[in-house]
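Look for chain A in each of the two complexes below; its partner is chain B in the first and chain C in the second.
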Partner chain A sequence: MNLRKYLKVYKKFLHTSLASELEYKTNILIDLITAILSLIGSIFLLSIFFQNNGYIGGWKFEEALIIQGIYTVLNGITNTWFNPNLTEIVKHIREGTLDFVLLKPIDSQFFISLKKINPSGFLEIMLGFCLLFFCVRINQINLNLSFLTLSLITISCSICILYSLWFFISTTTIWFVKTWNAIEVLRSFLYIGRFPLNSFSFSLRIFFSIFIPIAFITTIPSEVFLGVSQLWKILLEVIVATVFLKTSRKFWLFALKFYSSASS
Partner chain B sequence: MVQNIIDVRNLSKSFDISSKEPGLKGTIKHFFKRQTKSLKVIKDISFEIQEGEIVGFLGANGAGKTTILKMLCGLIYPSEGSIMVSGYLPFMRKENFLKNITLIMGQKQQLIWDLPPIESFYLNASIYDLDKFEAKRRIKKLSEMLEIDKELFIPVRKLSLGQRMKSELLAALIHEPNILFLDEPTLGLDINAQRNLRKFLKKYNKETNATICLTSHYMKDITSLCKRVICVHEGTVSYDGKLDLLLKKLSPVKEILIVCRSEEDAIKLENYGFNVKNKIKNEITIKIENNSITSSLKTILNNFDIEDLFINEPPIDEIIGRVLIKKDYEI
Partner chain C sequence: MNPKIFTLLKVQYSNMMEYRVEIALWAISGIIPFFMLNIWTNNNLNESINISDVMLSRYFLCAFFVRQFSVVWVVFSFEEDSLMGKVSPYLIQPLNPFFRYFAQHLAEQITRFPFAILISFFFFIFNPESIWIPNLGILFLSIVSTFLSFIIQFLIQSIVACLCFWTEKASSIERLLFIPTLFLSGLLAPVVSFPTYVKSWIYLTPFPYLIDFPANLLSGNETNISGGLSMQILWIFLLFPLFKKIWSEGTKKYTAMGS
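So, the complex of A and B:
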């Protein structure tokens, strides 16, 4: 893979999608307001849960805010990259415009995963990081190199798992054509990621760890933040992320063999 | 020696198609138990195309033209048979193969809707790994050839269909491919835009010796661009050869309307031995075989007092229309 070329193309993707989005200023403004209101609403909801009992699943409110912070960062990434690109796959396949992507001398997964960008998601990412910084302060977390490295690794793994799940569902469009509902179900499950895994029953914890690995997406990075995560959990998250990423890649290449293009 | 750039041998393609009975009962039945059957849309076809040729694919809707084009450019996997395009197996979609080809579809667009076309051109240039100066040079050259230099900076959504199509062509040709697959490129364009597009394609072919495979329902596209046509009928090749030979075969006679000076001359002409179609007063219409037109006209002009004369060619759409519904044409 020619890294220089891919960086050059990604720079163009950024430029064109930012320019496209900036054509509609009001839309961006509404998106930004929505992101702020959504974060305030989520924190308010969380505080209601903690009103009667100071702990949920062994987590204090201040600690649970870390999960909310990580969720906000991930939701920002979802809104910035995954939502504008991966929902477009369904359109590409239904309307046959995937033809143009497949005939370009560039990796098709790279193209359809990163072509667009929604700049209003950046605010959500920034808000998420601000919330995490606030949590570091109130939980008196010691900011050192190993903490930052482990946080970066686990958050990156969470992004990979989330992307792979979404991409996997979008790929099934090649056979089923319409998969909007499955993506909505996935988004609904992600809301669950705002709460500590221990706050659910044993069976749900198993479900959210094995079948839809929400647990890996927010809880493990939060445990790293609090310094209570065990090494095996971090390693497991790295393995799960690698397996998910590789499987989604293989699944995409396999699915393309069944792509029949839309009729003209 | 001109080489074959496209080589297709015993190519077939089948699709699984599901069918649904009408009404609510049919819908429920279709939801729970889908009846699918394998439909062979391309049946054992073979042909070669030489470098620099412009070949028109003719056929009714659903005959299989677009499926053939999509297999040639590597979008669809063939079920049986082999395809070699420019020395590559198309469905492997190797980088060097993709840099050699382009696909333009009249009904689909790749330009970024909210931005001026120049942004899409530079994006494509980066995908094809062209540096900024080379991209600029090619955009300038192609925009002058296509006469769209003024529209480069206007958002795509504000351009007319003709301007958009020209921009699509520029976006698809920025990497200077030597094989062009065009699927109804003039669809929906007005007469002038169609003519300009054809003019451009002719010039591009002449200047670059690019091979062009074209499907179109506008016969003018085919007659002005293609010397060779491949007629596709229900997934099989019903004719592969020169267009003028096909037209001669399908239309062996011409109709000649002769206006005589007097009705007596018209009667004399009627009885001379020509194949008369009809006669109204001093106007007589006769049918003459293509190979005896010159001698017959000489006879008429030397022996009769003629006021005017019209040679009527049957409309090409009508002739080609006959090809689309017939299975075999032996020339």
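So, the complex of A and C:
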């Protein structure tokens, strides 16, 4: 794979999609307000939970805020890259334009996953990082190199898992055509990533660790932040992320065999 | 019944039946209240607000139901139609295009009904102690109040949808409005559990009447029936003239694509 070529192409993608998105400037502003309000809303909800309890699932309020921060960052990434691109697959397949993507002398998964960008998600990512920074201060976490590398590793693994989940579901479009509401189902499941996994009952905890690994997406990075995560959990997350990425890639190539373009 | 509306409903119903799987998926995506219930009962958070486990699980089940039958997406349909220029032929017809969307929503609710029943059936398997049968009067009143809640949300979204005449992307405004609806309507936490500084003003806004009030009514939790219903009707009377105004202004402003 020629890395330089892909970088050059990605630069062009960035340029074109930013140019078209910046046409709607007020839209970006409204999206920013939406992101801020939704963060306030979920902190409000969290504060209701903690009204008369000091701990929820073994987490203090200040610690649970870290999960919110990580969720906000990941949600921003979803809104910036995954949502605008992967919902597009549905359109490609319905209108038969996937043919043009497949004909291009470039990897189709790369093209489909990174073509578009939604700049308003950046603001949400920044918002998440601000909250995380605030959490670092109120929880008196000292920043050192090992902490930074570990949290970087776990967060990038979370991003990989999240991406694979989205890509997985979008790929099923090749058989079912209309799956953008399956993505809605995924979204509503991901919503519980805002809360510590231990606050759910045992059966739900199992469900959210095995079938939809939300446990890996937000809880483990937050534990790393607090310095309470065991090494095996981090290793497990790395393994899960690799497996997810590889299977999603294989699944895409497998699904393409079943793709017959529109009207054929 | 007015034959026009009846025909519309029939057409939209057969349309919706085509996409049963899609609607089933929509129904599943509404199960967030059950996750919230799990947090509440698993951490004994309900003790502080004096609601028993059983009443709380009924509340969240009803919240799920009310949400299922008051989901509105008119702004997204209207935005697409107006961008594609489909609104022009609708405007020529002697029928306000919003009747078409209204019928679409009603038809979708009818299609959704069996799925919602199925999901609640599973809910009762996992929580057999929360089975209850509301009496007929309460059932009737809660259906009415759910319908009123649907109308309030339909009117709010139609007002937002009319903004499409001025701006191209009205759906982002709807996404903004959805946030307070999500957190204040009682879908994620019953309004009784809110801190007092919120409770002091929240009953003046339309939000608690969207989900909290009908869900409390249906689940048999304590609520002010006549007060809630009259507030719902009041909001409809406030919103309807606003919608009519913005609709007539907007259609004057409207220029078809390519003119």
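Note that in this section the second predicted complex is superposed on the first by the 263 of 264 C-alpha atoms of A that agree within 3 Å, B and C clash if a C-alpha of one lies under 4 Å from a C-alpha of the other, contacts with A are read in each partner's own complex, and residues count from 1 in each chain.
In this section, a contact is a pair of C-beta atoms (placed from the backbone, for glycine too) under 8 Å apart; a residue touches a chain by one contact, two chains touch by 3 or more.
Only a predicted model underlies this, so the values are computations on that prediction, with no experimental measurement involved.
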item: Fit or clash between chain C and chain B when superposed on chain A; value: fit
item: A:S38 touches, of chain B and chain C: first, second, both or neither?; value: second
item: Which superposed partner A:K8 touches (first chain B, second chain C, both, neither); value: first
item: Touched partner set for A:T16, first chain B, second chain C, both or neither; value: first
item: Partner chain(s) touched by A:E95 [first = chain B, second = chain C, both, neither]; value: first
item: Chain B versus chain C as contact partner of A:Y191, first or second or both or neither; value: second
item: First, second, both or neither for A:S201, with chain B first and chain C second; value: second
item: Lowest inter-chain C-alpha distance for chain C and chain B in the superposed arrangement, angstrom; value: 7
item: Touching both chain C and chain B, counted on chain A across the two superposed complexes; value: 24
item: Footprint of chain B on chain A - complex, ascending; value: 2, 5, 8-9, 11-13, 15-16, 19-20, 23-24, 95-97, 99-100, 102-106, 257, 259-261, 263-264
item: Residues of chain C that touch chain A when the two form their complex; value: 19, 21-22, 25-26, 28-32, 35, 38-39, 42-45, 47-48, 167-169, 172-173, 175-176, 179-180, 182-183, 188-189, 193-195, 198
item: Chain B residues touching chain A - in the complex, by the definition given at the top; value: 15, 66, 70, 73-77, 93, 95-96, 98-99, 101-103, 105, 107-110, 112-115, 119-120, 122-124, 126-129, 155, 183-184
item: Of all residues in chain A, those that touch chain C in their complex; value: 24, 26-27, 30-31, 33-34, 37-38, 41-42, 44-45, 47-49, 51-53, 56-57, 176, 178, 181-182, 184-185, 187-188, 191-192, 195, 199-201, 204
